[in-house]
Amino acid sequence: MTTMAEGAKDTPLIAARGISKSFAGIEVLRDIDLDLARGEIHALLGENGAGKSTFAKIIAGVHRPTRGTLALNGAPVEIPSPIVAQKLGITLIHQEPISFPDLSVAENLVLGRSDGSPLGRVPWAKMTRDAKGLMDLLGVKIDVVKPMRGLSIADQQMVEIARALASDSRLIIMDEPTAPLTPKEVETLFDIARRLRDEGRTIVFISHRLEEVRALCDRVTIFRDGAKVQTDTIGNLTDADIIRLMIGRPLREYMKKLGAAIGEVALKVEGLTLPGVFSDINLEVRTGEIVGLGGLVGAGRTDVARAIFGVAPAASGKVTINGKAVVITEPAQAIDLGLAFVPEDRATAGIFRSLPVEQNITAAAPGKIAPNGFIRRAVERTLATDSVRKLRIRLASLRQPIGELSGGNQQKAILARWLLTDPSVLILDEPTRGIDIGVKAEFYDMIGELAAGGRAILLISSELPELLALCDRVLVMSEGRLTANIPRAEATQEAIMSAAVPRSGREAVAA
Amino acid sequence: MTDHTAPHRVSALDAAAARPRWQVILIRPETMTFVLLVAAVIVSSLLSPYFLDINYILASFTLYAEFSLVALVLTIVIISGEIDLSPASNMALSACLFAWTYRAGLPMPLAILVGIGSGMLMGVINGLLVIGLELPSIIVTIGTLTLYRGLAQIIAGDQSIRLPQYFIGINTYLIAGVPVPVLLFIVVSIVLGFVLGATIWGRQIYQVGTSEIAARHAGIRAKRIKFTLFIVVGFASSIAGLITASRLGSVRYDLGLGGELQMVLMAMLGGTYIFGGRGSILGTFLAAWLLSVISTGMTTANLLPATQLCVLGVLLIVSIVATNLIYSRTQR
Amino acid sequence: MNILRNVFLRREAGIAVMIVLFCLCVGAVKPRFLTLDELRIILLLTPLILIGAMGQMLVIVARNVDLSIGSMQGFAAMVTAMMFKFHPEIPWFLGFIVAIGVGVALGFVNGALITLFRLPAIIVTLGTLNLYRGLTFIISDAKQIDRQYVPSALKSMSNTSPIFDIPWIIFMALGVTLLTYAFANHSRVGRQVFALGSNPTAAPLRGIRVTAVTLMVFMISGALAGLSGIMYASRWGFVNPSNTGFGFEFQVIAAVVIGGVSINGGVGSVLGVFLGVMLLGCVSAALPLLGIAGASQSAIYGAVIVIALLIDRSVRLRGVASLAALRARA
């Protein structure tokens, strides 16, 4: 399909030397030396924040390195923008594919290609034919005339891959592509990746899912805390090896849970249903208990949380809090009843970016700082200072905009906000996402302490080790339904995973 | 036991350093407005020595007091993340309904109630459309501004509806040397400034404007707050309409024509951020005086109304450029 | 399958149905409404709005808005008319070039302010709306240009032409419509406009030059506003600094919103806008027949905008987008 012959056979496609990157004074990548060979599938593994994504983005032209050099087929090269990267044959497929939702699939495939200037006619017929051809090549049934808006995430990814093919990319970087996919879709993706590799292209596969990496990849590079730890052929490393390299110490020592006395049922949900999103959800959380809620992205867990909290109420079902049946239609009610919800997306639904940290912390507890309507600044200052101390939030001043804090400290501030409301039930949605490992550990301690203090905690998480370490029970949702209720003693990664995958694909999951 | 001294790199700065306090106080849009106001007074006094007479300034402000009053409330609406372009038409329709019902025989107090009530009703309509039906406020209020003005035209036709002598001339009454409408403006500014700055409702308005989604998640009743604000704008507009009617002595359908520009201009000159979350009553207060001085100055300098219009248009653009620059500089 | 497409198609069909229903209703009360003469009147009401709406459609599809088109129409018309008055030796058809040129310049100013300073289009064009109107007054010394100064050849363009006695300006408006259709659907730049409105953050990543495209749509809007200016002179025979173009933007926005163009950008069809303009034309023509005062036109336009928004919203809610919208809503 394309001629790949450039440079000597052994010359790596991409050679990175000494690549470093800092954001606003914080170093996220340190002296990375890495070779990507032609015709291989290369995995980048590492925890959140380890630097694997940043490195890939540097190669894809999204970021520019603070130090270091890159070589393409042996010749030094600069990649200052995604458009230059595309011209060089490097394509990055984001986790959430970028597209123009109102334009058709065929148009999305074509737009931005450097063939032909913007002036000129749109060759509709040819475009549609070519697009159909690409879809057939990938073995995917997508109607290319449809607008992108209606497509599932998996299909959108396929279109992105087709784009990469159409522009003859020799390096395709996939950033956590499998999170929203069913196992069948994952297999389709893997087949395509293997075919591309056999054609001589290079695939970079960023993930933290070991079983997938093992199934697909030839070589793997492990990142930890901004540095490259090791590159090796996948066959030379066991899972335990990999985990050890990723985290720096064996898993079991890393997280520990305090024992807590488990009491009465604080939150009870029966028959909660929102057609098209989730159905017949029944769960219970007792005081002192940490109940995990696992599942794939899109399974409906956040929707359930939002329904309980009143952000987007369910259509039917019963919610009981501390023994009292309640109907919650807005968050203000939920808070009054003793619920707290730390949302998944703190940037959009959590922080008031430009407002002071102080105000962010007290935002959900107006009754405490302004009982008569007038804000008592001294009280606010005291409460905020207390929170900062207790949660060890690192900041320059309480008055600075919360947007200036690091992700981990922002999350702590949000947690502080909810603790100020004295909740009896805490729903945490991916609370440690995008947070430094050290801060993660602090969070785990805090969550444990909260439970020990008599609160009921519902922990939504996609990180299996987190669920296994912290929870007394793990519930699993799949495609809008509860599929498992696993006690701590029986909880394993496989058990959770197999309950999380859609039923149709369950046989397909390898033993 | 979890080891907190694990060998991970946390940089010395977990957050960027805060800005020095004096910078926070000085580099704000209100300072720009204040400086401009001082400059405008100086320039105007060169044009005409009257400008150094406080009574002259107060008296000439009466022409703008009505718009300024509404602009104060409009500022709060913009801070909350919405916009309302219909107040000027609201003023006209309220005044027309008031005058028409009075002429039709209704006793004055009832006619006044009709005027105010219709203003609030218009606010309710805006609120229902924007908040209840979740339509974009800019387009909705363009629609309602056309609608309300048109209704005023239907009711009043091309005529001026005269008002009784005792109703006319509220702007000539002085309390402590200050014309009543101006005094009202000052009082309302103080009250609203206090509410916005020192109460929890004011704080929540800023939070809603910064991020409505985050506000809802934090238990703030964003929709209720915004809906209330639309009604308050309607209320303020109707009062302003009545005051204008009193000043002019009669009511026509084109009362307050073009007022939306002036109100938005005052809010923008006062440093209100068009996208919500930032702004202040103080800023709009100063901007109202600024606009009054500029407009009166232009008239004294015998500038054509058309030229004045141009100047206002340019001012609007310049003011948002400056405000945006200041806000983007102080945000990281 | 093409659920969204079907919804869209329904929209244009829906407007067409509304037009037919409306005409039948009015025709039942006043049979005069359904004559060819009446059709001529309706058609003559629409060319200016149609041209303006084509430009506004592109602007709104690109996720912007242009509130200054009325003032641009007034200014361009005045410049052209003054040229006719003070330099009658210049061939009248050059007036077209002047009007369009002025419009392009004004549109460029709008676009430059918006792209250069990253200012919201709403406020900028609100400012230029007043700025240009003021300039119109200034250059004309607040005086109207009377009928005798407008070349009769220009005026006759609104009366007739050798083709079935249909006035030239109607052909012009249709021509602009067809050109816009070709541009929006069959030119790469046109598709970039839709792409830009559909996802402004992705656009630069896909090689779309956002600044250039934004400037372009505002200049097109200006050009068409300018064209509508000289057509105003042709249609009405005079140019008046306070009336010409006054309220034009609201009529155009009403038509565009009825026509199914989404305020969020990325969605819009020339056919829909055309039908929207026709509907408004029918409504405007029906008013005097039904004895409703011309004064209430504004009110009706306002109501129409609101109703169109309501329809837009209910249609959107029933579409496929509803699930995602449900999740995205806080």
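A, B and C are the chain letters, set down in written order, and residue numbers restart from 1 in every chain.
By definition in this document, contacts are C-beta pairs under 8 Å (C-beta built on N, C-alpha and C of every residue); 3 or more make two chains touch, one makes a residue touch a chain.
Since we're looking at a predicted model, the values are computed, not measured.
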Pairwise touch network: line, ring, star, complete, or other
complete
Decide which interface, B-C or A-C, involves more C-beta pairs in contact, and give its chain pair.
B-C
Maximum distance between Cα centroids and subunit C occurs for chain A
When the centre of a chain is set as the mean of its C-alpha atoms, what distance in Å lies between subunit A and subunit C?
45
Chain-centre distance (mean CA atoms) for subunit B and subunit C, in whole Å, is 30
Multi-chain contact sites of subunit C, meaning residues that touch two or more partners:
330
Find every residue in subunit A that makes contact with two or more other chains and list them.
311, 349
By the touch rule stated above, which residues of subunit B touch at least two different other chains?
213, 216-217
Residues of subunit B touching subunit C in their complex?
83, 129, 133-136, 138-140, 142-151, 153-154, 157-158, 212-213, 216-217, 253, 258, 261, 264, 268, 274-275, 304-317, 320-321, 324
If you look only at subunit A, which of its residues touch subunit C in the complex?
82-83, 98-103, 107, 111-112, 114, 116-122, 124, 143, 145-147, 149-150, 276-277, 303, 311-312, 349
Residue ranges of subunit B touching subunit A (in the complex, touch as defined):
1-4, 6-11, 13-19, 24, 198-201, 203-204, 206-207, 210-211, 213-221, 277-278, 331-332
Of subunit A, residues touching subunit B in the complex
24-27, 30, 225-226, 248-249, 254-256, 309, 311, 330-332, 334-335, 341, 343, 348-355, 359, 363-364, 366, 369-370, 373-375, 394-397, 399-401, 403-406, 408-409, 417, 436-438, 441-442, 444-445
Touching residues on subunit C, where the partner in the complex is subunit A
1-5, 185-192, 194-195, 197-199, 201-203, 205-209, 266-267, 320-321, 323, 326-327, 329-330
